[in-house]
Structures are given as structure tokens and as C-alpha cells.
Amino acid sequence: MFRSVAVRNIERADEATVRALGELGVATVHEAQGRSGLLQAYMRPIYPGARLGASAVTVLLHPGDNWMLHVAAELVKPGDIVVAAISGPSTDGYFGDLLATSFRARGAVGLVIDAGCRDVRDLTGMRFPVWSKAVSAQGTVKTTVGAVNVPVVCAGMLVNPGDVVIADDDGIVIVPRTQAGEVLKASRARVVNEEEKRIRLAAGELSLDLYNLRAPLEKAGLRYVDSAADLRVIDGLG
Amino acid sequence: MFRSVAVRNIERADEATVRALGELGVATVHEAQGRSGLLQAYMRPIYPGARLGASAVTVLLHPGDNWMLHVAAELVKPGDIVVAAISGPSTDGYFGDLLATSFRARGAVGLVIDAGCRDVRDLTGMRFPVWSKAVSAQGTVKTTVGAVNVPVVCAGMLVNPGDVVIADDDGIVIVPRTQAGEVLKASRARVVNEEEKRIRLAAGELSLDLYNLRAPLEKAGLRYVDSAADLRVIDGLG
Amino acid sequence: MFRSVAVRNIERADEATVRALGELGVATVHEAQGRSGLLQAYMRPIYPGARLGASAVTVLLHPGDNWMLHVAAELVKPGDIVVAAISGPSTDGYFGDLLATSFRARGAVGLVIDAGCRDVRDLTGMRFPVWSKAVSAQGTVKTTVGAVNVPVVCAGMLVNPGDVVIADDDGIVIVPRTQAGEVLKASRARVVNEEEKRIRLAAGELSLDLYNLRAPLEKAGLRYVDSAADLRVIDGLG
Amino acid sequence: MFRSVAVRNIERADEATVRALGELGVATVHEAQGRSGLLQAYMRPIYPGARLGASAVTVLLHPGDNWMLHVAAELVKPGDIVVAAISGPSTDGYFGDLLATSFRARGAVGLVIDAGCRDVRDLTGMRFPVWSKAVSAQGTVKTTVGAVNVPVVCAGMLVNPGDVVIADDDGIVIVPRTQAGEVLKASRARVVNEEEKRIRLAAGELSLDLYNLRAPLEKAGLRYVDSAADLRVIDGLG
Amino acid sequence: MFRSVAVRNIERADEATVRALGELGVATVHEAQGRSGLLQAYMRPIYPGARLGASAVTVLLHPGDNWMLHVAAELVKPGDIVVAAISGPSTDGYFGDLLATSFRARGAVGLVIDAGCRDVRDLTGMRFPVWSKAVSAQGTVKTTVGAVNVPVVCAGMLVNPGDVVIADDDGIVIVPRTQAGEVLKASRARVVNEEEKRIRLAAGELSLDLYNLRAPLEKAGLRYVDSAADLRVIDGLG
Amino acid sequence: MFRSVAVRNIERADEATVRALGELGVATVHEAQGRSGLLQAYMRPIYPGARLGASAVTVLLHPGDNWMLHVAAELVKPGDIVVAAISGPSTDGYFGDLLATSFRARGAVGLVIDAGCRDVRDLTGMRFPVWSKAVSAQGTVKTTVGAVNVPVVCAGMLVNPGDVVIADDDGIVIVPRTQAGEVLKASRARVVNEEEKRIRLAAGELSLDLYNLRAPLEKAGLRYVDSAADLRVIDGLG
């Protein structure tokens, strides 16, 4: 059954690794770890251009109640991001500029919340990044306890305390804490590989040739015709 | 039954009060009036950063028909905002740069519409703010009369002509005309209180202490543990 | 039945006409061609301010598979835009900065896709415009062939290869290739007409007078009253 | 500001009128009162075939809290329906078989709720009709007071205590209390008129003739052609 | 540009073929024609159990206007189904029991409409099947002409007049008129094949063996372990 | 990183306990375990009246690919239910009557899938219950391996292999395997308690009295007035 608990100390991945993953971005890391770990696409940043890698302090809230975000403020360490799940669907505004001020003062670098936030003009002015599913001024109460630093499901993805969170304009991807180093290595390899491709593609080379796609396409049944007129011939024959 | 009527003269709240509420913003005013008055969160500004307080000229439109917005243009006074409800769901583009030009010439400062608008590039260039549920180039006709300055339900909220509309990046909140002064007072008190909190939170003080939340949390059953290992002990016992 | 085919050569509308339509914008062109041709309003640009007219290279993809975008890269001509339909609903990220680099190198000026794209920060930096229904880092595979340059239904609209695509912040409208000249003419006439109106409206003239709406409004049953008090009188009588 | 109040006594429309409106059904009554009064179409009955006319006891709930439904149970009179609005979006299950048992014991004949309900198998077995926007087992608390028998906005429509609620498989329509008699008269006229039409249409007569639509269609520009081949001729000319 | 036209005569597929396809059902026909032709999944029948094959009389309506359904009533032949597209998004109730009475009297066997219908209790009683995206009592007008028997896009799919429409509880699939015979043949082959499989599966045989999936699964990298304990061993090694 | 693995043997809760929980239903069990464990409310049964308790065989599928359902068919034991999560959003039809035939032959009693299913008429005829988020005839392929009997997130809830699944018309709730006995006990206590209440409520007693709500309501600020006229007095004073 549900436990009302806050865990003070969690393990985190190596700080430099976390930061390096953040610089590589969501799409690269997602690919490098085998296309897993993405939160659902309805999660959007409140302003464009934010990009980070951080360790997750997880929070479980109840609908309309932001009490545990205040508990989380004490438990974050510099470089953490708070990842908040709600036990039922909600778009209320659980987080605004006061909590952001407190989070920043304690070292937190952002928030991911499967609900709404508010004061987005102030948050944008502060450059305190939030990824949320809604913007809403709807206030919340402090009457029901939830949990901090327990496993949560946020926007369809299981997040464990200490997992690495990579977030940017493309969304959010979770890297399991113990795999951070391995995923960083794979991500870097991917970047090197992509950079070579980018140069060749920019020069006009085709990905059909770069990736050797012509033979598989033919094998898979793709047929080229010169014009729509030929299509009608095919239809007449076939 | 439905009345096709346009009311020429409406009462408005005190102009300075309306403007002052606009400067305080949606979240503050919403809280200060007891967490009431918010339009639904799907209403979004067409560009970030707009912020206003204005008196509502209300319009009831029929789906696909923007005729009454032209009627409203004559009835607005400087400092008004038009609040348009539609008698059925619609995302058409009822409003564009020509109507915005006319509205501005007559003194209107913005539009809230529970449907779509278009010419958003031009509107953004003009800095004419619109809060809408969609952007759509779909044109509308002028064949069915609705009403101007009657009570309407817009995005889930009852709006009476002359009510105060506060809108910014967080959404839109309605303050009943006769309560504008009282709500302004409560809002200002809230701002002063929040400013004090902001300074203390920025200095690293915790909201747990600032709001005296520790005792209620304990009473409500929150339990702190040092690490996940302790969790397993609890589970074993419990 | 479904044909896995790529058509190399398509007819396009006159280049100057296509460009001129792009400058006139979606709302104007949509109106000028009799309010037809709009894609659904859920299609949004990944950054504000993009605006173009281009010839459609159409692509039919299967859910989760972006193979045919690589085929399309070879078939685009300078000034083309790729219009991608998916054979089932999807929000995956079919397109990112590598494909954009290739598309640009081959002369394509943008993408319309009834699904998701990724690397939006990079695409924004490149100013490579994409109109999509989602942003998602979710990667795609290259295993199932679709088609290039066949008629497709994209976001609810039939698009034929070579049709003219006008896209801006208001959305996307399709002009059938053979009607481009005629629609340009009608669009220009509309712009001239609107410019005159804009000047008069900006001077405070009312659209009620400019469009001669007062008599039709009265005929349609609109009744003016001086104040809400009069409304109650009507109710009492009626 | 928000009032936490329960009004014990409300005026209701004449009982026979209310019942008679219920027998006429939503579509007829909606048309007869000038196409107004419909709740949004996302409101659906939990089982097909329910149909009623009843007087509204209105309830304002807060998200996740069903306390005021218990207050309402005392204030309903035989023949009433409870109409519950929520002050924020919610799909929780505010109502189940126990409350239904109590409502029925006190004479209430149904519920309209702009949120979720649960125990739908039991409710179906009891034939206690509910129109809701969701089915959800999510439980609710009893901690925040709302209001009973004040005006509420439910699923986009203003409902006053004592208004007449007509609900069936097509949805829900509200008839203002003071207009019930007039709307009943108009509805009955409509039914008579429709019955005549039904007989003639069933006999194969066309609505084009029955409603004299041929001349207006021609005037509005509809053009008949014999076959698709003629279409191509028109296109060639035009 | 948009043509206001009604085409009196269209070609239809062979009647027995159309009926036979209807008996085979949507899923089978969809598969047999290469997984193409499906309308979007939001289209739902108003009552369970309806199932048909019919020739499409296509209609293009404008939002809130059902005029062309009356035009269509004259042009349907026995065994036809009306397929109605709307030029913009709408959930209004364009169709009810009077039109159904007329349609039935003229031989039409159903309706597919990318919008709403009403009188669903009566339609269910008549067993007149409708597939729609909404149920709504919202009435419509007769003021703007559209088209009958032109190609339309309905729920994301291009439908030509005379195309074969197969509809049941799974949704709706379109078979191009000229391919009806070929698709029927492929569908029947599929049914025979499936019947054999059903018998073997019902006897407890596994599809892994029936379809020879074990080797491909192994090749694709699937690894069997005996228990979760073995998973941890893999993780430790890998 | 993602593991392509199928776990042959899992632990299950006591069979009689699982069955007993199924008979108690979703709402009761959800309440009894502290209002946790619910899948999101968009998951709906394909026909009304199904109700079960079963042990979860979990499956992770990739969008558009149902291969692992075939793997699961071999691993189910009598009394199991398959719980299928998809690694990205999808509404395709992953499951139809052939797989249902196989599942039933192997003892599985139902399916929960966070995507679509098809052949719902046949499944209804077989009384093979499925809870899904969509009905769609869209076919799927067998090309990408996923996993069987690993932890999955389905419709927002973490499900471990062997967890107890309770599903009925109200939705789906998960009981962790090791807590099944404890939750059954709490559920039964709740049922007894509810039965007593039902009798008293049916006799006309009010829940206000039964639950002693009058004093808390007064303390929380609820104010009773006799009529709307009194409301106006309050407003005047307040």
C-alpha cells in the first residue's frame, strides 16, 4: 500500500557524466540507450532553449496538493532536478516563482512535473526551466502527504531517485543511474558518427548512398517510375 | 430563449483598479479572490509576455460566424477587452489583423476567444494580445446574429459585461466587477507577503520552516528515512 | 492496393507564382481560393515567424518508419517542401537535424509532417522550418517502404505532388498546382482591398459602416438596447 | 468571492411540465428553445436508453472532493436531478452506488456531473442514470466545502437551481425554469410538425420537396451534373 | 477552387461483391488489401453489432450546415451508404431520425459522418447504423451549399463516389471501386486461412509454432530466462 | 538499456485470493489499498459487464508490432491476464479473435492493453474481455522483439509480473502480488461496512448523519440559507 515517506539520501550518478549527458541532448541520448526512457511527448518546456542533465529527486504528489514539493526543497542537492508525478490526472499549477526561488537557492536546476505550473513569465525571467503538461494559475493546497525519493511513474515512464534526467526542447529522457557512464560513451560515439554524416550530407551526398539504402529499398519492393503517367501504366497492368 | 441583442452601455469597474489588477497578474489575483474565476487552461496567449487588466465587453458568437465581433467594435470603450464565447465548439479563425486594427482604433486592448484566431504574425507584430484555444486560418461568415454585452460562459467561466479580465502567460482570471476593489486590496496584501517570503527563500531558508510545515507533516503521517535501505526495513516490518 | 513507388519527376507550378503566394500568407490565400485547402489546425510550426510558398514533394510513411524521407531527399528540387503523411496516427520524431541538413543541401525549404519531429533546437538554429503535430525525440526505423510523389492525405487534406504549399504561423494551405496563377490573382486583389480597409479601420471607421452591416443586422433580428435594465423590460414583455 | 453556502429551498418548474419535457427528448427541446442550452457533447450517459426531465439541484464541488454531494442528498426533492460542476478539471469518481442509493431514497432521479463516476455496473443494475465525462474508480475526499443550489457552469453551460434538465442518449439540455411552459408548448408544436414530415419522408417523399429546398439551392449556386465526366468539362471551361 | 456541385450518376461496384465484402468485416478486408483504407479510429458506431458493405455516395458539408444531406437523399440508390465529410472540424448533430427515415425510404443503408449525429435512441430503435465521431443534439442550418458525389477526405481517408465502404464495430475501411473484386478474392483467401489457424489455436497449438516464429525471434535477439533471478545475473554480467 | 527477454516462470498470488479480489471489484479494492494502483481512466472495456481478478503476465510491445503477444501466449498459465504496455503511443489493433482463441486455449482470461484491439464483435461473442484505449482494425507486424514478464508501465501504472489485476466496468486496478492477502482482508471489511451503510441509506437516512458530517461541515465554513433571497442579504452585508 501507499507509503508516506521521504528518503533523505539517495545515490546519484557521477556529476561530470550527468552534465555531459545534458550537453548531448535528448534525441542523442535516447538513441544511444536503445530508444528507451522517453517521457510522453505532451511534456513541454515552458520556454524554448532550456537544456540540462541532472539527477532526479522524485516526488509523488496527490491531485491539487503540492505539499511534497516543499519537502523536496530540503532534500535536493546542487545539480538535482525535481521529477514530480501525480497520483491522478491534473493540470493545476503546483509550482510557481516562490518555489522556484527556493529550489534555486538549494541548488535544484529545474523541474519536470506531470501536471501544470504557473508564474511562467517570472520563471522565464529567472531562466528556471520547467517541463510540464500544462500551464495553469490554479492554486494547490497542502493537506495530503505523498512521498519523496521513491520510484514514481511520470508521464508514462518509471523514474527512480538518482536517475539521470536529460531534458531539452525535444522533451525528456531518463537514463538509469547505473547506466549513465555506459550511455554517455554510446552517446559520444553516436555524436562523432553523426558529425561525419552531417558534413557529407551538407555537401549534397545522399543518405541513400551514405547508409547504403538503395539495395534494401529495392529488395523491400520500392519501385521507381519516371512520372505519374507511368503509374497509370502500372495500374493498367497490375 | 436566446435573445439577439446588443447592450450599448455597461457599468465598468474603476479604471485605476482594473489597471492595477492587471499589473498583479493572474496567479496572484486568482489566489487573492479565493481561487475562483479561472478560465480553462487550454486558453493560451498567441505570443509570450502579454499582460493586462481590462473591462469585459462580452460577445456571444455562433460557430463559424464572427458577425457580432463587428458589432462589438462599436461598443468597446478605451481599456476594454472583448471576451467572446461561441455557442458550440469551434476552432475557426474568427479574428485577424483587420478586426485587431479596428479594435485598437476604438480603444480595445485585447481579445479572449474560446475558439481560434488568425494572422498571428501580424497580431504579434502589432502587439495586440489574444488569448485563444486555437490558431486557425479558417475564415468565418456574417450570417447569424448573436449578442453583445450579455452574460456568457467562456472557457468554462461565467463572464458578465463589465467584469474585470486579468490575462497573462498563466491564463485568464475573471474578477466580478463589484468586487474589483476588494480583490485588489487582497491581491496587494498577498504581494507584500510573497515578497518577504521570496527574500527569505532566496537566502536559502526552507518553506518547511517559513510556513511551519514540519509539525503538520509529521501529524499527517510523513515519515523520514535515511536511505532506500531503510525503506526495505519498513516494508519488512510493515 | 497500396503501391510502393517513387515518382521521379513531377510537374510544378511556376516558381515566381509559388514564391508570391508564400509572401501573401495562409489566411489570404485560403480566403482567395474560396476557403478551401487548409490542413487541420493541430499542425503547428516549430518556431514562430517562418513563412513560405513551395512545391510539394509528397511522402507516404508508415508509423514509426522514416525510410521514405531518405528517398524523398533525392527527388526534391530547389524550392520544394516535403509533405509527409503517415498511414496511421503517430507522434514519433521522423525528422531531425541530419535529414534537415540533407534536405537543405538538395534545395528543400521545409517540411510538413502529420506526426512528430525532433532536434527542434538545431532546426530552429538552422532556420529550417517544420510544421508538425508533435515534437518527440522518439526515433524511427527504416524497414517498410511507402511512397514518394503519390497523392496523400496529410492532416485531413488531399495533397498532390506539385501542389503549392503555403505555410506560416497560421498553419498550412494547399493550392492545387493548376490553380496557382488564378489563386495568386485573387489573393492579390484581396490584399489590395484589405489594405484600403485597414487604413479606414485604423482611422476609427467601423466595419459596420465599411461593410454596410447595419441593415442586414437589423433584418436578421439584432436589437440594440441602452442598458441591461432594458433587457429586463424586454424579458418582462416577451 | 467564493461563497460556501447551501440554499435549502429553491423554486422549481411545474412538475407535469418538467416530466412532459423529458418525454420529448433533448434534440426536440433544444430546437424548440432556439438551439440553446446544450451541455458539451463529451457528457455521456453511463448506459444507453435513459431519458428524463427533472429539476436541477446544483452543486459546486472542488477537484477530488465530493463532500457537497452529501449535502445535496438532504436538499433534493422527489423528481430532482443533481447537477454537479467542479471548480477545476477532474475525472475522479465522485459518485457511486452508495450515494445513488441515498439519492434514490430521497427522490432524486439522476445525476449530471462534469467529472467521473464509478460503480457503473451497480448503477446500471439499479437503473440510476448518470451523465458524466468519465468513468473512474478514483476515490474522493470530504475536506473542502463548496456550495449547493447556487448558479454553476457545468460542461460549458450555466445552470441555475430549479432549471429544467432534459437528458437522454443525445446529451443534456437546460431549460430556464421560467421558460419551461413556453418551451414545452414550442416543443409539442415541433413534434406534431415532425410527425407529419416523418410519414411523408417514410413514404419516399424528398425533403428537397417537403421543405421547398430546390429553388434556394439553385440560388445558392448548387449545380447538378449528370456524371463525373461533366465535371471535367466544367473544369475545362472554368 | 471549391465547386458547388451534385453529381447525379456514379459508377458502383458489383452489388454482390459489395455485400460479400460487408460480411467479411473491416479487419479482414483491411488486411486483405494491404493494410490500407482505414478511417481514423475515433469514428465509432452509435450502437454495437452493426455491420455492412455499401457503395459510397459522398457528401461535402460545411461546419454547422447539413443542407447537402438533403440533396444526397435524392441521389442515393438502394444499397448505398452516405459518407459525409465536413470542410472544418465539427461535432454538431447533422443527422437525426427524420433524415434517417428519408434515407431508408430511398434505400440508403447507413451513414458515415466525420462529425456528430443525434436522435441516437430513435436511430438505434430503427436499426439505422451511423458511424460518427460524436453524438450531439446541436442542430444545423441549411444555408451554404457543398457538394455531392465528389472525392472527399473523411476521417483522414480519401473516399471517391462509388467506393466500397465496409463498416462494423472495428471501424470503417474503404475499398476503391475498381479493386472490389480483387480485394474480395484476397479477403476470402484470408478467411479460409484464418479458419484453419483458429481451429489449431483453439486446440492449444501455439502461434509461435504455427507461424514458425521461434527461429526469427531468436535471430532478432529474444532471450529466454527461467526466472527474474536470472535477469539479475544478466544485468550483472552485461 | 532495453533487454529483449522473456521470463518463463513468475511468482503469482494465491489463486483463491486473486479470484476473490476480482469478485469485489475495482472501486472497492482501490479504496481498500489506500487509493493506489489505478490505471488511467481512458482504459475501457470493449463490452459492458466483464469483471475479473487475474495474475499479470506482462508484455512490452513496440508501436505497431504485436510479436511479443505470441511469445506471451506460451507463458500464460490458467487464470492469467496479459498486461501489454507499448514503448510509444499507439492506437493500432494489436489483438483480435485469433490471438484471443489462442490465449483462451492456454488459459488466459483477458487482456489489458495500452493501445487498440480489433475483432471486437467476435471478442464480444466469445466473451473474451479486453480493456484497451482504442478499437482499431489497423494491423500490426512481427519484426521487433520486446519483452515478456518484466516490469512495465501500462496506462500510467507500474505493473510487475505476477501482480494481481482487478478489472471491471470502472477500469483496472493493480494489487502488488505480495499484498494480495492483506488487500483482500481490507476489501472484505470495506464491503461489510458498505453493506450496512447501503441498508440505512436506502431507508432514507442521510450520509450527513451516518458519517457525522454536519459538525465538520459547519466548522469548515458551510453556511445554510433558506433561499436565494437570503443570499442577496449576505452579499449586501459581506
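Lettered A, B, C, D, E and F in written order, each chain numbered from 1.
In this text, contacts are C-beta pairs under 8 Å (C-beta built on N, C-alpha and C of every residue); 3 or more make two chains touch, one makes a residue touch a chain.
What you see is a predicted model; the values in this text were computed from it and never measured.
Colleague: Work out which chains are contact partners of both chain D and chain E.
Modeller: B, F
Colleague: Give the chains in contact with both chain E and chain F, ordered by label.
Modeller: C, D
Colleague: Please pick, from A-F, C-E or E-F, the pair whose interface repeats that of D-E, with more than half of the contact pairs identical by residue number.
Modeller: It is E-F that reproduces the contact pattern of D-E.
Colleague: Between chain A and chain D, tell me the centre distance in angstrom, where each centre is the average of that chain's C-alpha atoms.
Modeller: 42
Colleague: Can you work out the whole-Å distance between the CA centroids of chain B and chain D?
Modeller: Each chain's C-alpha centroid was found; their separation is 28 Å.
Colleague: Please set out, as single numbers or ranges, the residues of chain B touching at least two other chains.
Modeller: As it turns out, chain B has residues touching two or more other chains at 35, 38, 41, 88-89, 91, 138, 143-144.
Colleague: Name the touching chain pairs, would you?
Modeller: A-B, A-C, A-D, A-F, B-C, B-D, B-E, C-E, C-F, D-E, D-F, E-F
Colleague: If you look only at chain C, which of its residues touch chain F in the complex?
Modeller: 62-64, 88-92, 138, 141, 143-144
Colleague: Which residues of chain E touch chain D in the complex?
Modeller: 3-10, 47, 67, 70-71, 73-74, 91, 93, 96-99, 101-102, 104-106, 116, 118-121, 124, 134-139, 142-145, 149-150, 161
Colleague: Which residues of chain B touch chain A in the complex?
Modeller: 25-27, 30-31, 35, 38, 41, 44, 48-49, 51, 168-171, 173, 194, 197-198, 201-204, 206-208, 211, 213, 216-217, 220-228, 230-231, 234
Colleague: Residues of chain F touching chain A in their complex?
Modeller: So the residues of chain F in touch with chain A come to 1-2, 33-36, 38, 40-41, 87-89, 151, 153, 156-158, 179, 182-183.
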